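In this document, chain identifiers A, B, C and D correspond to the written order of the chains, with residue numbering beginning at 1 in each.
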Amino acid sequence: MPGVPPTRFVYLGPESTFTEQALLTIPAAERGTRTPSRSVPEALDAVRQGEADAALVPMENSVGGQVGVTLDELGVGDPLVITREVVIPVEFVLAARPGTTMDRVTSVAAHPQASAQCRAWLRAHLPDATVIDVLSNGAAAQDALAGTVDAAICAPIAVDRFRLALLADKIADHPDAVTRFVLLSRPAPPPAPTGDDITSLAVFIAHDRVGALLAVLTELAVRGVNLIRIESRPTGEALGRYAFFLDCTGHVADARVGEALQGLRRICAAVRFLGSYPRAVPPGAVDRPVPPPGGLADADYADSAAWLARLRTDGA
Amino acid sequence: MPGVPPTRFVYLGPESTFTEQALLTIPAAERGTRTPSRSVPEALDAVRQGEADAALVPMENSVGGQVGVTLDELGVGDPLVITREVVIPVEFVLAARPGTTMDRVTSVAAHPQASAQCRAWLRAHLPDATVIDVLSNGAAAQDALAGTVDAAICAPIAVDRFRLALLADKIADHPDAVTRFVLLSRPAPPPAPTGDDITSLAVFIAHDRVGALLAVLTELAVRGVNLIRIESRPTGEALGRYAFFLDCTGHVADARVGEALQGLRRICAAVRFLGSYPRAVPPGAVDRPVPPPGGLADADYADSAAWLARLRTDGA
Amino acid sequence: MPGVPPTRFVYLGPESTFTEQALLTIPAAERGTRTPSRSVPEALDAVRQGEADAALVPMENSVGGQVGVTLDELGVGDPLVITREVVIPVEFVLAARPGTTMDRVTSVAAHPQASAQCRAWLRAHLPDATVIDVLSNGAAAQDALAGTVDAAICAPIAVDRFRLALLADKIADHPDAVTRFVLLSRPAPPPAPTGDDITSLAVFIAHDRVGALLAVLTELAVRGVNLIRIESRPTGEALGRYAFFLDCTGHVADARVGEALQGLRRICAAVRFLGSYPRAVPPGAVDRPVPPPGGLADADYADSAAWLARLRTDGA
Amino acid sequence: MPGVPPTRFVYLGPESTFTEQALLTIPAAERGTRTPSRSVPEALDAVRQGEADAALVPMENSVGGQVGVTLDELGVGDPLVITREVVIPVEFVLAARPGTTMDRVTSVAAHPQASAQCRAWLRAHLPDATVIDVLSNGAAAQDALAGTVDAAICAPIAVDRFRLALLADKIADHPDAVTRFVLLSRPAPPPAPTGDDITSLAVFIAHDRVGALLAVLTELAVRGVNLIRIESRPTGEALGRYAFFLDCTGHVADARVGEALQGLRRICAAVRFLGSYPRAVPPGAVDRPVPPPGGLADADYADSAAWLARLRTDGA
């Protein structure tokens, strides 16, 4: 963020989960204050009301599946913008009090979705263990520390935090799974373009016809703006109104993205700009920024604008 | 389902939540066995392995937000199909042991997302109460019954089930919110068309270009098949592959839906048919089946097929 | 044309044809010099070389069918722009030397396409007359005046010009047929927008794929620019290159037309601007200017541009 | 045409023009009768009324520019279908009575458009010669033979026919120009597919909106049917109705073309099938048949139809 960097951070709690782990990858957050929130809406409200400068919340593929909540909260209320995304691997570990060994583990605390994502590993390595549902990965680790269970499925951050012993790592059935978090702040000038940026939008359309969504995508496609993610959400505001949350390639400062945004503004019932920010490259992934399609770079826009000006004044 | 109706049902547990409430709206389930599952993947596995005939799991806008999990589970593994959808209002209630009155409530058990959805009500009516996080709406009701908390935010079903007193109903901040559940079974002949059906699909495309999604939507649009919902999901199978989960108007037995499906089959890396089933009309909603656009009814398809046959044999 | 109006006109000759009749509907031409040209290319060359200020040539549905020639000439060579269109009804008449009566007519001079367009009338009224092919409607009238034939199929202008007697009027089989002429000049500032204008373009694309033309039309459609006419022409310049001649609604000074033109400039191999000019309303026709679609007026463009500027500086 | 080949041919006259030259490239026409018609409508009427079996008329880029006439005639009246196309180079020659030499040529007879197409050559080689307008290339040759002019611009066929001397060949300014003719017959089973065919259509749409044409092209594009030519024509039948004449790749017997035709039939006010026939390769051109795009061959259609059948009966 240009100007003053945020110093007061909130995040979806509790402590010692993947969200806190993601937050610590942001240098300003490492130096600033970090306060857990009980829910995504509360985290966002803290920023809206000025009690915090920025909130880190999960956006995609998360353990808790709060994607829908986050999107819904961004679509209404006072505007917030994404200034950064953080992508981290979902690397579940099995942790226990120091001294515990695998052959002694008969009970495992886990968030229900965490245990679901490690089912194959549990069947193979702890077929007889009882799985105890708890409210969060952090709570699981705490229970292991307290000794009310033999072990916990949790995030790597909790191992160091609670000085637990690591019994097994990378126990998730899908080793490539990642979780995507976004850092939200009150509206502010977007970070400078990097050449590999994402622009997030909420567009509202009046009809449930495929033609309406086709029109939205066509506004993007004619300007060479690609789609990374799309999700439709019903809106409670009015019957028959649909919201689409879109993540697109490019930055609001790019000529082609700017023209596409203007086009959406003209044809949609409403468009909410949710930020332009650098694309996060997951650890280990090959970075592959997609250049704008031929003829759609800023220079091409400048050329066509100059040509049009000549047509309007000279006729050729 | 044609033929033998299912008798053994599983559902996302625990008991006494909205999912069980939704299951009880299905007559066959009311008569059959109903077993709670610890997670969506476990519920689906029970059906895949033949231990149950059908599973009811949340699909959209749910308290627990399991949408992503359900979609991801449907996109891979042995095929399952949706044979029915159930839409019920998310009507949270505040319940307590009989004899409890509002002015005595100082602690409230609730799932974190349930309390988040009732924040405004809690601020207005119980500003000083402590909210205790629990793992499910059912667990909240049980805690109220046990007296470890003064009251619980839970589903209406739990009030009767645990003989609780209803302190307040419709306490959710968004009174129109609904949750959508789907009933899944192993592949079987689809239920007969009703004239107001939904067809669900998972389509996999190789590229992250907006053009690829435009091509998918165009296959639908040219056949007058409308889109009700869309969600993109990253797939772990291969880098650069994208999955889109689509809910469309119409039934696989309709000529226009059949032609659209064939078109998708030809242009997509893969298409998984997730079922054709009657559209559920939420209680109190006005039913408004959308007729096929002009020229796209089965009779129009029959007419154009006869015309083409004449061109091929007679030239006119 | 802003500035000095043209005074030296050329037109597709010979004299006394529909083209001269169309030219006389232009006030400046009535006052200026009017020189017939032997062919469309010669008329255009006269303007290109500065020997004339403007050329009137047929563009559509003409007796001589020179559409293709006119288009091809506009697509190559030094640029010319259309500054006006003239639409006149194709009202063929049967004319003869004064004193001639219908029952005496045994020979009729006519351009082959003129007689073709009056076939039904000739069969009904002069079934036994011999039709003599001549090179133009003007030549037919001159032959009738000279007495080498009994009568001529010609344009109304020739009756007065040669003091012929009108034996029958409106003898064309299609009474609604019109011919469209365009007035061409060297590039100059376009005439001011009237709110009911046409913009003509030649766009060149590299491939013979339907996708390439779809891309061109999509650039127009997303800006609400409608298509009035389209014609593809092979280009001799290079194998595999295609030219499309498009007439669109709107004026180059309109925001939406300007943005569409820029879009075409970016995606096409080449775009040639052929002028923006008032739409001609055929005599007797109901004028029905098409307003820009909702959200696509200049004011909407200004609103969306202001919104984008705010997003770029303030983030909301 | 399968079955009995045509034996009675008509063609756009007069004799000794490019049209007759094109007709003689058809073996059946070489053996059958060949009758010149005075106009395209007359040629077509002869076939419609059974006086002839087939008519050869110019379709594109012709000297006389009759394209519009031919298209308009095909769009109305009793249906006719194209069974063959013939493409020949427009190789104008300068011919004269034997014994004439270039330095003696002071007058040249030519159709006005023929002389227009040879302007550069005439300026370079006969700058002082007078050009005499005549009604056809055939008439020019006859005038040269009769000696009323010194030389004629005409088609190669006229040189042999009238035993003229060839003073210069390939005198057209654009040496690559070709003319395209079509052979028309009453509706009959189309010729068998060759793998490199054209299907011609007239589609009528009710509105002048670009969206209507986009819808037409989209029906083709989603089936991988490419567009070779397009021309819009106003229709006299009803105000606001537009006709588009389309030439597409593929044969009506191809699965993808058949499905596209059915789609057009359903969305257009009317569709007239104008024939499927082998693509003519101009002499000297490299033949480059375009295979159907990936996934759109007949085998892909068969695969997707079988898949759909399984979905409908088994649900997977």
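To be clear about the criterion, contacts are C-beta pairs under 8 Å (C-beta built on N, C-alpha and C of every residue); 3 or more make two chains touch, one makes a residue touch a chain.
Because the structure is a prediction, the values reported are computed rather than measured.
**Q** Using the touch definition from the top, list the chains contacting both subunit A and subunit C.
**A** For subunit A paired with subunit C, there are no chains in contact with each.
**Q** Rounded to the nearest whole Å, what is the centre-to-centre distance of subunit C and subunit D, using the mean of the C-alpha atoms as each centre?
**A** 23
**Q** Could you grab the centroid distance between subunit B and subunit D? Build each centroid from C-alpha atoms only and quote it in angstrom.
**A** One centre to the other, that is 57 Å.
**Q** Roughly how many whole angstrom separate the Cα centroids of subunit A and subunit D?
**A** 59
**Q** Among the residues of subunit A, which ones contact at least 2 other chains?
**A** Residues 218, 221 of subunit A touch two or more partner chains.
**Q** What is the complete set of touching chain pairs?
**A** Chain pairs that touch: A-B, A-C, B-D, C-D.
**Q** What part of subunit A is in contact with subunit C in the complex they form?
**A** For subunit A paired with subunit C, touching residues are 79, 81, 187-190, 215, 218-219, 221-222, 252-253, 258-259, 261-263, 265-267, 273, 275, 295-296, 300-301, 303-305, 307-308, 311-316.
**Q** Quick one: which bits of subunit C touch subunit D in the complex? Just the residue numbers, please.
**A** 38-42, 60-61, 64-69, 112-113, 115-116, 119, 131, 133-135, 174, 176-177, 208-211, 213-214, 217-218, 220-221, 225-234, 236, 239, 244, 290
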